[in-house]
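Could you have a look at this structure, given as structure tokens, before my questions?
Letters A, B, C, D and E name the chains as they come in the text, with residue numbers starting at 1 for each one.
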Amino acid sequence: MNLYAQFSAPGFLHGHSEWPAGMHALMGPSGSGKTTLLRSLAGLGSTLATIGLKDSIWQGPSHDFLPAYLRPLAYVPQRPSLIPFRTIGQQIRWIQPDSTVPLVTPPGLALSDFWDRLPHTLSGGQQQQIALVRALATTQPVLLLDESLSQVDHIQRQRIMHWLFETRPASWILFSTHQLSEALTFSDTVTIIYEGKVFPTRTPEDCLIHPDTPETARLLGYCGSFALDNCHHLLIHPDYLLIGAFPDKGEVLEADVTSIPGPSPLERTWRAVYHNQVVQWRAPHAARETTAQALTLLRAPIVSFTLNDH
Amino acid sequence: MNLYAQFSAPGFLHGHSEWPAGMHALMGPSGSGKTTLLRSLAGLGSTLATIGLKDSIWQGPSHDFLPAYLRPLAYVPQRPSLIPFRTIGQQIRWIQPDSTVPLVTPPGLALSDFWDRLPHTLSGGQQQQIALVRALATTQPVLLLDESLSQVDHIQRQRIMHWLFETRPASWILFSTHQLSEALTFSDTVTIIYEGKVFPTRTPEDCLIHPDTPETARLLGYCGSFALDNCHHLLIHPDYLLIGAFPDKGEVLEADVTSIPGPSPLERTWRAVYHNQVVQWRAPHAARETTAQALTLLRAPIVSFTLNDH
Amino acid sequence: GVLAGCGTSSVAPSQTPVHVAYAGSLQLLNNNILGPTFHKLTGIPFQGQGGGSFGIAHEIAQGSIPANVFESIGDAPIQLLTPQKTTWALAIAASPLVIAYNPHSPFAATFRQIQDGQKPFSDVFALLAQPGFKLGRTNPNTDPQGQAFVMMIELAQKQYHLNPQIVHNILGPIDSGSEIYTEEGVLSLLQSGGLDASSAFLSEAVERHLDYIALPPSLNFADPQDAATYASAQVKLTNGKVITGAPLTVDVTTIGRPPSTQAVRFITFLLSKRGQTAWTKNGYTVFPPQVVGHVSEIPSPIRKMLSHA
Amino acid sequence: MLRRAGTAVTAVVILVTVIPIAVLITQGAPKFGQALSAPGAGHALAVTVESGSLALLVIFILGLPTAYYLRYIRSPAFKRFVAVVLVLALLMPPLVLGLVLAYVLAPATASGAILSQWQAASNSFPALTLAEVYEALPYFVLTAWSAISAIPKAWEEDAWALHKSPWQTFRFVLWPASRPGLVTATALAWARIVGAFGAPVVVAYHPTALPVQIWITLEEAGLPQALSLALWLVLVGLPLPGFLTWRQG
Amino acid sequence: MLRRAGTAVTAVVILVTVIPIAVLITQGAPKFGQALSAPGAGHALAVTVESGSLALLVIFILGLPTAYYLRYIRSPAFKRFVAVVLVLALLMPPLVLGLVLAYVLAPATASGAILSQWQAASNSFPALTLAEVYEALPYFVLTAWSAISAIPKAWEEDAWALHKSPWQTFRFVLWPASRPGLVTATALAWARIVGAFGAPVVVAYHPTALPVQIWITLEEAGLPQALSLALWLVLVGLPLPGFLTWRQG
């Protein structure tokens, strides 16, 4: 069995999720309930949910509440969480007192540079990386990361996520993120949360192919839709389309496609008009043609909702 | 004259920068000094720097230190900064007591939903947005934003940055970010900071065309280089290249180009080999061809340093 | 090791101590002379406890002080303990009332002249009545000395035919006012320079090495032979009670019925020659013990000594 | 386990603390009504309330700015110096404080001379108030300082960087944040003030405040009357700290 | 401007606080050496140190778990109840506390009877220690509670969510975070203990602790000797809170 959670009224969250051993992304807009979910799992939230791992039930209506410190997990909150008056070394050694066991640390982080420093002397991103190291030092099987690299620079962030994904320092890694590519690249499954609703956990591919609602579709990078008829809409994803007609590559849509450079020097904004319906997206600046009469869709889910521009 | 800052030893930062009225991005790896710079400007940092706005000198070796609260600015720090025991409404009304003056708020934020709530009931991203609103309510000409939307979801973050860039609610907006596209899209100039060195402020275009060091090149998205001779290297940017030979579009490089899907379902990883030198990058999944014998570079700065893979 | 050495001795470590409660002014005499001497003579450890006479009496009545012997100034506090704790008392000594003065006061020179006899004694009252003179006395409501001082001024006015107004000029309101201090506080203020003069017992003045003006027997409330003179003065307390003048005797009694043997031993020691000498050496006048209350109830060892005396 | 031990110890503390209060109430209740009609008692109550309020005011005027000021002191040496001075003042037993104040108020000294010009230096309302201030001030400053310095510096900086002056920041951020600590400090100070006995009994027997009056009553009328008056003292003292701690919940 | 006013007021507070200390030192110094050789004085000093240490230990044993336990109480009603009980205890003037304790310890009561079985209920070392505990406990608990409840709950939760037990969290996070507040609480409690006079003078005249001995000395030998002994008291009391506050800087 798996790590699972079942939320019901009157809590803010509702829905049910289950995560097999692996690395799992949580996605959702700000305030949708990602932190609430992770805190519940950690034993710091509502006592209403039913939560358990394999055969052991951590909490539930007819079960005692297993306190946070007895759950086999480590949780890195979203806000700064290092102990302000302890040096980095002291905090890590506290978690893992046996100094003969080498610490599991992600690449690109010279722990020795920080060892004797107090948290407030570190940058926000450095503090977040140390908080991750400290959580890893628990060697618990479940690792919960709440936007825990949000202030780390892009290159190092990629490096750490990649390392987590490859080496799997914990059997279950759940991380929340606002970066789509991170969620899809470094996860076995993705759980989408929207306004308290926890959507079923699926593989990244599955998520992309079957977006449940307009909101989840937006989260997944879909930039608009073309109505085929009243209840069939073709979702457009900028990363799965080619400018021009390439029937061997996918479905060709006769649309009027134009582009202009910008908004950033790296990008080009595209605009496709199909039966008076407009979809806009951005793509890298370089393009073979900047206008076309057709669009080739490599993967275009047909859904029952429209994804109009706001 | 402009907003300017001059840093010198023994402070951590060194260098000199000047920002005309406008919106300016600060970029740099975690711990490079972005927060230190912004705090110095805000009057919360070292007294060693020389800082001023137009004709008024805020601090300098032969000048009194103008305290933070006398500088015409609002600063939103990186960490949560809402007052924990005051409701959102109280905090905003404190900053702007005249309730007849409408508040300047970015789109997509229903302030009334939060008005009577305490900060801890909000998600991290919501708190960050409120902190921005609170800073805007000061109506000061200088607005300093330190990664202040790092926990806001991508869509809303784009929306707010776009709104800031279009409406310019403050004459000077300086923001630090780890997102390259954000830095280049929503800024008049970009200031790069690396290990305490403040590089000259330049337009985003300029920055892209003249990366100063391997590190700044990486920050700007360059993914590798091909050596032309001992001291001339061609920098490769994934957003400025086309797969195949298109002499009318740019410089054609005879390279062996291959690709594989991944690492995320949205992406494809490309690999180009030129004279035994390898460069790798990622691009959207869709591609007309997945292999080629040439690469067309739309813009390829020739620099004196190499950008090898780590 | 905390309790060791607390009044016990090598003679009889297990002996029950005698617990003597006494008026605060009897502190030094009891603690430093009577107690140690008694212990040396009898092997009975001595425990002393001081406080305001009435306060101590109330506490004894309440049972919160485990006293065997009570030494009071005047017999009024002892009346509070009859008949539950005792039915008799012995007046055994008296300490003359004096006027202690501050040698650094602006009035000190005049005091010194009166002390040396260069000026007549009666001048002291005019001095006390001077505007701006800071006199300290104790509360007549709670302290026999405070009562005696008021009556002393009244008696002096009559004896020296002073202006009747002088009583008010010296004392102000009898039972309240800014002249009144605690027994502990009044001499401290005098010593610290806060007062020009203060009422005191001769014993206190001797112990603290104070400069003082001795009063004639007719005013010092220490001579039983002048009891009739003292009785001609009265003081009305705040609660309406009227106190008639009487010698400020040290009255002693045992506490508890029947009294403990240690208590009886201690009283007999007080009446012994060594005891009497100690009193005299410390500024007290000793006289043949006068019985207050039921003579028949006095334990026989004590009664025997009375008949010898 | 830890929690159960905590519950047990807390129960013991509450029990231990309640016993004397309960005894005071049961013993003081019978003569509670008459206690105030005894000569001097009503006046003593008024004196305590008046001098106590004034003393608390003085303590606020002196202690609050000091406690806040000390928050901004960076020099550890100066902080240590102030801490040790306050601890010395704290350690001064009230009776000794009274004796020392007797020196300070003596006309021979400058302070005493100045005070004498205007009113009697000892046994006067100012002397009583002064004694109360001295008994309570170190308790107030130490507790308030400790509470105020625990408030994160960042809260203030965040407000300054929003163009708010130190005074505005004080009112909106620092003051409410320090209120719980100040409530405790005020409760301690008020308790020291209304219970002040050692110093007033030496330098301010008159005007007689309640604690001294209780002692006088004890000597005059015995324990039951004294306990009734003591109950009055506790009840008179309670509203201020009671209200403050109650509001805080 | 604000800062200058703060400096001025702080200077006044330091001056006001230093005056009595200076007076005590100058007046107490001349007979400082002899003061301890007076009969009873040395013993009183030992009694104060011994009973005071024991009282402080009891206060730690009772007060620390209580202060921490109260941090976890959610019910505002219970918190208010405890706060008001502690404030009532705080308001009990020491002399009244002594009288009430005398009543509790009287052999007629259950507690007194039990205590008497083993040792004299009043005028004994346990009675002295008990009186000291009663004088200091509410000061300690209120100050410690106030300091401990100001520590962010998140610090603990973060540690629990790193698989650290409440006890481990207490030792590594909560204890060091509460130390500054506990130092203040300990300083206040220690000051109350070594200066305890009102309660001991009623229930524990013997064995005589220093404050009572000072009073006895005052009656026996007068002000200079008493002040010398008082200086001893202050010096004996200083090391503990002095060391604690010094370390903290």
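Definition applied: contacts are C-beta pairs under 8 Å (C-beta built on N, C-alpha and C of every residue); 3 or more make two chains touch, one makes a residue touch a chain.
Chain-to-protein mapping (UniProt): A, B = ABC transporter domain-containing protein.
The structure displayed is predicted, hence computed values, not measured ones.
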In contact with subunit B as well as subunit E, sorted by label, we have A, D
Kindly indicate the chain pair that has more C-beta pairs in contact than all others. D-E
Subunit D on subunit E, rotation in degrees - Cα superposition, rounded to nearest 5: 180
Distance from the mean Cα position of subunit E to that of subunit C, given in whole angstrom: 36
Hey, how far is the Cα centre of subunit B from the one of subunit C, in Å? 90
So what's the Cα centroid distance for subunit B and subunit D, whole Å? 55
Intercentroid distance (Cα basis), subunit C paired with subunit A, Å: 90
If you look at subunit B, which of its residues touch at least two other chains? 79
Interface hub residues of subunit E, defined as touching at least two other chains: 99, 103, 166, 215, 218, 223, 226
Give the residues of subunit C that touch two or more other chains, as numbers and ranges in rising order. 59, 62, 64, 184, 188, 192
Can you list every touching chain pair? A-B, A-E, B-D, C-D, C-E, D-E
Which of the residues in subunit E end up touching subunit C in this complex? 39-40, 43, 46-47, 50-51, 99, 102-103, 105-108, 120, 122-125, 201-203, 205-207, 215-216, 218-224, 226
Can you check the complex and tell me which residues of subunit A touch subunit B? 28-32, 34-35, 78-80, 122-126, 128-129, 147, 150-157, 162, 178-181, 184-186, 204-205, 208, 218-219, 221, 237-242, 246, 249-250, 262-267, 283-288, 296, 298
In the complex formed with subunit D, which residues of subunit E make contact? 2-3, 5-7, 9-10, 12-14, 16-21, 23-24, 27, 61-63, 65-66, 68-70, 72, 76, 79-80, 82-97, 99-101, 103-104, 111, 134, 137-139, 141-143, 145-147, 149-150, 166-167, 170, 180-181, 183-184, 187-188, 190-191, 194-195, 197-198, 211, 214-215, 218, 223, 226-227, 230, 233-234, 237-238, 241-242, 245-246, 248-249
Under the definition above, what is the set of subunit C residues touching subunit E in their complex? 2-3, 5-7, 19, 24-25, 27-28, 31-32, 47, 49-51, 59, 62-66, 183-184, 187-188, 191-192, 207-210
Interface with subunit D, subunit B side, in the complex: residues 42-44, 67-69, 71-75, 77, 79, 81, 83, 85-86, 94-95, 134-135, 138, 140, 144
